[in-house]
Amino acid sequence: MCDLELSGIRKQYDGVARPVIPDLDLVIPAHKMVVLVGPSGCGKSTTLRMVAGLEEPTAGKILIDGRDVTHLPPAERDIAMVFQSYALYPHMTVFENMAFGLRIKHLPEAEIRRRVEATADSLGLRPYLERRPKALSGGQKQRVAIGRAVVRQPKVFLFDEPLSNLDAKLRGDMRREIARIHRELNATAMYVTHDQIEAMTLADQIVVLKDGVVQQIGTPIDIYEKPANRFVAGFFGTPSMNFLEADLTQGAGSASARGNGFEIPVPIANVPSLRPAAAAVDRVVVGIRPERLSLAKTGDDVPLRGEVAMREVLGAEVVLHVESAAGPLTVRTDAGAAPRPGDTVQVWLDPKSIHLFDRASEERL
Amino acid sequence: MCDLELSGIRKQYDGVARPVIPDLDLVIPAHKMVVLVGPSGCGKSTTLRMVAGLEEPTAGKILIDGRDVTHLPPAERDIAMVFQSYALYPHMTVFENMAFGLRIKHLPEAEIRRRVEATADSLGLRPYLERRPKALSGGQKQRVAIGRAVVRQPKVFLFDEPLSNLDAKLRGDMRREIARIHRELNATAMYVTHDQIEAMTLADQIVVLKDGVVQQIGTPIDIYEKPANRFVAGFFGTPSMNFLEADLTQGAGSASARGNGFEIPVPIANVPSLRPAAAAVDRVVVGIRPERLSLAKTGDDVPLRGEVAMREVLGAEVVLHVESAAGPLTVRTDAGAAPRPGDTVQVWLDPKSIHLFDRASEERL
Amino acid sequence: SEPKGVVLWHAYNGDERVALEATATAWNTAHPDQPVTLVAVPYDAFADKLSSAIPRGNGPDLFIYPQDRIGDWAAAGVIEPLEFWVDDARADRFTEQSLGAMAYHGSLWGLPMTVKSLVLYYRSDLAPEPPKTTADLLALAGKLRDRHVFAVAYPSPDLYAHAMWLHGFGGRVMDDDGALTIATPQATQAMTFARSLVAQGVAPEDAQGPLIASMFNDGRAATVVSGPWFIPDIGRNVPWHVTTLPIVSETGKPAAPFVTAEGILMSARAKDKDAAFAVMDFLSGDASAVVRAKAGHQVVPNIHAYDDKELAGDPTVAVFRAQLQHVVPMPNDPNMRRVWTPYRTALGEVLAGRDDPGASLNALQREIEKYTDKK
Amino acid sequence: MSESSYTRVPVLGRQLRDFMFAGVLALVIASAAFVGVRNRELAARQIDLATRSADAVADGRDALPTVHAAIVSEPRISTKHSYLRRRTIREGGKTRVLGAEPHVADDKLFYDAANRAQQGATIAEMLPDGSGRALVAHKAPGGIAIAITAPAAPAPYPFLVFIGVLGLGASLVAAGALVGRNAQRLGTLAGIATLAVPTLLWQSWVAASLILALAFVVAAMQHIGVSDRFARGLVTHRVALSFLSPAAVAMSVLVAAPFVIGLLLGFYDHHQGTWTFVGLDNFTRILSGNGHSLDDPLNFWFILGVTVLWTVANIALHVTVGVSLALLLSRKWLRGKGIFRMLLILPWAIPNYITALMWKGMFQGQYGAVNSLLHAVGLGDVSWFGSWATAFSANVITNTWLGFPFMMVVALGALETIPKELYEAASVDGASAWQRFRHITLPHLRPALGPAVALGSIWTFNMFNVIFLVSGGKPGDSTNILVTDAYRWAFERGDRYGMAAAEGTIIFLILLLWTVFGTRVVRSKEPA
Amino acid sequence: MKRRAFNVRHALVHAALIVLVAVVLYPVMLVCKKAFEPGHATSLGGSPLPEHVTTQHFRDLFGARGPHGELLFLRQAANSIIIALATTVVGVVISCTAAYALSRLRFPGRKAGLTTFLVVQMFPATLLMLPLYVILDKLGLLNSMVGLVLVYSTTAIPFCVWTLKGYFDSLPRELEEAARIDGASPWMIFRRIILPLARPGIAVTALFSFMTAWNEFIMASTFMTDESKYTLPVLIQSSVGQFSADWGLFAAGAVVTSIPVMVAFYVLQRSLVGGLTAGAVKG
């Protein structure tokens, strides 16, 4: 058992007027991996640092296993952390960097060597064990930082963008490695990343932060398929969701959203929170992911007309930036038959995959 | 005119036996953006640092605009660089960090302020102009590092993983911003990244490095569609290409690759380098990208049987890891009807999208 | 761990130290139960060390020091009066002058070990006939001027050296009651004379110890006014001799330097005062004095020491003893210590020609009186 | 460290903690009281004994047993030596010469006492040797009557009493703690007050009231929670405390304490071993120039001016020379770096006493090396100590020579902490070598150079040796600085330590002002 | 980095340095000259080379014997070395801990403490000898090497503390944070992370502490009352008497005492290396 709870956490840095984190409540169930995502500067690292005990919260409590650790030093929390900035010991070799935490625990030297070497192998660091950090490449340093954390086998892991400097292939391997270690150690983990694949594949739960405020907590699928508000919808998913302003007209048992140059029937079943007997017209934002737009009709889709402004080839796929009457649209489609910039296209939109947000509150309807 | 040429560059660090870069020749045409990719530790940063003048090559010459700059100090090369480790001036505010290069050029203070503020706006750094780097988040620091480089408007840009610590949305914005600046300044640029989207969308040319050796130089599409060897094929593209060992049997005007549990007809037209009158049997590796595998027959596809070992949901898509007789297969497919782990599936493979590599030399056939 | 026996501090080095140690060894052989331990202390730190150590009981039982601090230490109760032990018989061993230097405020505070005064050293190659009078000196200077050789080198701005002229012109620093007599016509005359020596190139303007020695050794000065400590500084091949200081031609009086007596004094906090006295009595006694005179080249104030044939026949010693006929004891009044530095400053200014002797001395007297104890 | 861990501290423990703290203080007070009372009593008893004996022998009666008393004669002054005199002692009917050999142990005491009592005053005192003997002497018919008692041992230290009282107090505190609430404070109050009981018995009212006051203060502190807060502070910052305490203890005993004494001495006048409180006299005397006009080199303000010039000139030179050399000597490509560095610290390594004298010799008018050099390049002789400007320069040159290696070493060390990356970034930004120095090196040197400059200016301000040995104040006293002046107060103007200390205090205040600005510069670099 | 065969600028710099060193060393040469020249007094003239060479002064120096016939030089050199090394160790250890606390830990009175270290230096030391003497006397530390070591260390502490604090401030905080997460105690962080990285600072302060103790003679000759406890500078200073001095002996002593300092510095300067924190953190 090792759950982690943040309650009423507030953090304000000296000399900065606005608190970075105004009031954060978060429970991370034991043995789960929670991924924190959010825009740059939203307070992810700060949260991790408070859990680690490196920053004292201005207010609020942090509990590990139900024990109040708010004022405990990091050493008494049994935590390992991968720093966003690595923070390698520059005067120690890679081996010593990884062994340091184990030496402190007075493990036998043989055991230390065994564990460090095993970890180094799994991170592809074997050839560099005797090097100092300054003779490593960026990605190698980052792997040492990961190694130093995982070799310690603590009950709580904190990862702050641990894979950001690795190439895609290595990142995939490392991701699976981290997942494996997490599973094997049965540890609780918080993981900050900007990589959607990491977030989707690693997370038991994803927490979306904005300006230190939780926007949504949920499973990856939830976050992707039922974003709680326009921010989450737009933040999560690459390329990000298209938003079209529209007016929602509700009839008996049916509704439709009408915007500049389009009208979409809204399947009421999909929008449980629609007020049954509301005013005739609601100002909404219709959201639709680029991958749900297509250049051909496949069902009872609705077409939008526009001109291709830009075409980005991503390999098997192409992202088209289309200027339509309703606003700019991003369409993700197969590389095969994609039109060129300047072409006029019809973009088809499947009413079943739209998301509706209140235009004022930006909350999901 | 401002082209950049590396010729016969060799780089060996003191105390390391093997040279990091054994012999590198590279020409970067003026006003182009060249993206360097390669696995962690392959020598990308080293190359950039040599171009910047921060490391002297052990051998070889660097020419900018035809002028030999190999031994010139960085200040005389009119280069701007985003360091992988940021290297912000800790004793200066964000504003001063960005203004430093301009002050050095003795630009009028008003002009400096205008340019710094414009850059800060485009990077979303306006609120932080008066902060010191240590009070910034990782992503903010990275943006300052970018800002410091672009505000100077040099003739050559060097970017070392400039967007690695930014969230996807910001990364997209920044990427477009960098493309815009590059276009506007008409500068020559080298760009290191691990992000396939960045590489594909920004690059005029992509250079794939491995252990300091160029594996392939080409346009993004070339690299993606015609990888020069197995390494490039496997390295570029996420998830990476599937490789199946097979024996190539060549008949008259037709050929087929037969592996463990499959046999694929090879369209000879696709493989121009096939030796016309070779031995009857060639040992090859068949490569196929995960997105080219499907769970349903769509044309004259060939089926492989396997069991789903893992299922990774990435939002609209799912990556299936399938164990087949031919080896492990990664299949990228729609989230909709994807099978669960344990299910037995038939994976269909389109012979037109396969890549063939010589099993010994790993070169593309 | 308190050392057994009697502890004596001194600031001697070189031959003086060797001689002193020899006499101490002689005592220790005879009195193994009451040995004397010698501790050498650098001169620079000596006085302050004594002033701080003795009142706190950390000091020595005995120490050797020139007379000039006796007034201070007696007043502050740092040193022990000796009349209890010293009777006329003991006192009569020393020249009256040297013993008098150890007396202050009606008590005796030390037993004299050596007296030091300035004499005239000369190079027979440059000054075949040593100057007997100041007129001779000026004449000598006339002969040497072309060769860029000074007739006499001495630390001219130092009151200690200048005092020979002062006294030769009939002046004093302080009268017998301790009252300052700095600004007097005689003093003005003496200063004017000293200035003329410098102005006429007879003597260098500002020569300090090491420089004087090298001038003498390198043949840049025909004569030098210095004390017995000068002998070891003289180069090996220099044809040197000593004689008494010249007579001041203007007054007909001999130039009379200060004489300092170094005495052995007892700490007021000595552990065993009787034993300490026995040691000092021995070390200042005639037998020890002969040793110090021979091995340490000291001019000892013990009358009977010169019964020793070798000492009596030593021409250099004879000169020093002869000079002792024309000396002025350096006052041991505490006020004397207020005089040195300002006097040197004033004298330096006059010698450099920046100040007028009369005015300068008047200002000097006023200045020093500010700091002196009102009696 | 957390609030909760303190509320869990048992009340009893907290009470006893406060009691222990107060108990230690109280014991110190009580012991001092005990020693004082004991010595006073002993002295009174012994002196009384001696007085009665002295009176007895003066009247021709026998002294009390255990007391050594006798009549010492008037002195007989030697005819030849006015400072020698003999006395005789009449004892047990016999008369003998004092000081003749052999003599008995007390003879010297009798002789000295007689000398002192000669002036007419009665002496009644304990002998300063700590033996517990008393001496009384006064004039009597036929000479001076003197009595010396036998030694007396003082009463032993009452350990048992103290232990008992401590135990009693502790139980009172414990009782209060167990009863709870208001009884806690009462317990503390009563417990500590118990410690005053022995002092009451010794009738040491001051000590008793001090202890009682302590009891009230501690109880009050406990009541408003100050003692808890204090204790918590100690625990919270225990790491800081333990890291800092060795330095703090050593500094406060060996540096701060003499410093405070030095400050206090400025309010006293010293004359022949005695100190008299004179208030601000010393200060006014110094600040008013002691009767010298402003352009007189003995005027305080004149000297201050010279001192400030001296300090500024030196520090500027030390830093420029030191930093420039350090920059040179930290070049990567420099060969023989170690040798150069080693040779260049020689001026610091050789005792400056002799090198200062060498410099003085080099500046000597006729034969000095500097003038020979000037000659060689066709310049005339300079009488270095003949004018203020040249004498001052000679001092500054010497001190710069002596002082630059220190700055150089400091700068050498500081240069190495500057991350290479910053230079890389700056050169990519197009900065020239000078601009890199100006914008990267200098700001990063500041944290190390700042203290060195602050302390260096303090040392230079108080640099005694060089001035003393090189120019010696010449010409006139015009190149003296404040310390040399203070030194003269202390050693050349009649041991006026009070004046010297007052001048020291003024120096201190000036430096304090200076560093208030100086440290501002240093501090601005410190991370918040 | 590739070294280029010949670089005019570098050669010029070397030449300039050599000239500069020669100028700086001129007075030192004069001292050496005196040390090797016969006689007590210095000779005139600017030549730094002696006309006659003798090792007499060195023989006098090494051969000086105390009242009991013991070799003073050996004894006092040993004392000096012990005292200087002890001062260095005590001074550096005490200052390191204090500087660490002042640099990294936040506690009330921190700034005041820092200022105090400076402030107490401002009273002219010459005038504090007497109070210091009294205090040492009360503590029973007079005439003891321990006392001298303590006095020297405390003299050195303010500079050491301030300097070391500067160095500690320059170390990235993240390193300590990483160590704290790794479970290291404050002491261990201090010893295993901070100290190795502050090596240049420690070298500088060590040299300074060493020098404080090594060349000092006023306190040594005032506080020590036993010739067997004197330090070398006291022995050397003894060659200066009231009226005259044996400059040859003094110079020989000065030359001899400066040698260990140079050796110490030569050893220490190897710690004056840069880039200790390179590669530690990003940003």
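As written, the chain order gives the labels A, B, C, D and E, with residue 1 at the start of each chain.
Here is the rule we go by: a contact is a pair of C-beta atoms (placed from the backbone, for glycine too) under 8 Å apart; a residue touches a chain by one contact, two chains touch by 3 or more.
If you're wondering where the values come from, they're calculated on a predicted model, not measured in any experiment.
Chain-level centrality, scored on Cα centres against the all-protein Cα centre, points to E. Of all chain pairs in this entry, the one linked by the most C-beta contacts is D-E.
The distance from the centre of subunit A to the centre of subunit E, with each centre set as the mean of the Cα atoms, comes to 57 Å.
Distance from the subunit C centre to the subunit D centre is 34 Å, each centre being the mean of its Cα atoms. Centre-to-centre, using mean CA coordinates, subunit A is 65 Å away from subunit D.
With centres taken as mean Cα positions, subunit E sits 38 Å from subunit C. Within subunit B, contacts with two or more other chains are made by residues 84-85, 88, 138. Residues of subunit E in contact with at least two other chains: 1, 42, 44-45, 130, 134, 217, 237, 247, 275-278, 282-283. In subunit C, 48, 210-211, 214-215, 220 are the positions where the chain touches two or more neighbouring chains simultaneously. On subunit E, the positions that touch subunit C within their shared complex are 38-45, 67, 129-130, 133-134, 137, 142-143, 217-218, 221-222, 225-227, 234, 237-247. The part of subunit E that touches subunit D in the complex is made up of residues 1, 3, 7, 10, 13-14, 17, 20-21, 24-28, 30-31, 42, 44-46, 93-95, 97-98, 100-102, 105-108, 110, 113, 115-128, 130-132, 134-136, 139, 150-151, 153-155, 157-159, 161-163, 165-167, 169-170, 173, 186, 190, 200-201, 203-204, 207-208, 211, 215, 217, 233, 236-237, 247, 250-251, 253-255, 257-258, 261-262, 265-266, 269-270, 272-278.
On the subunit B side of its complex with subunit A, the touching residues are 13, 15-16, 37-41, 44-46, 84-85, 124, 135-140, 143, 160-161, 164-172, 194-197, 200-201, 220-221, 224, 234-240, 289, 291-292, 312-317.
Subunit E contributes residues 172, 174-175, 177-185, 188, 192-193, 196-197, 275-283 to its touches with subunit A in the complex. Across the complex, subunit A meets subunit E through its residues 49, 52-54, 73-75, 79-81, 83-91, 100-101, 104-105, 132-136, 138, 141, 148, 152.
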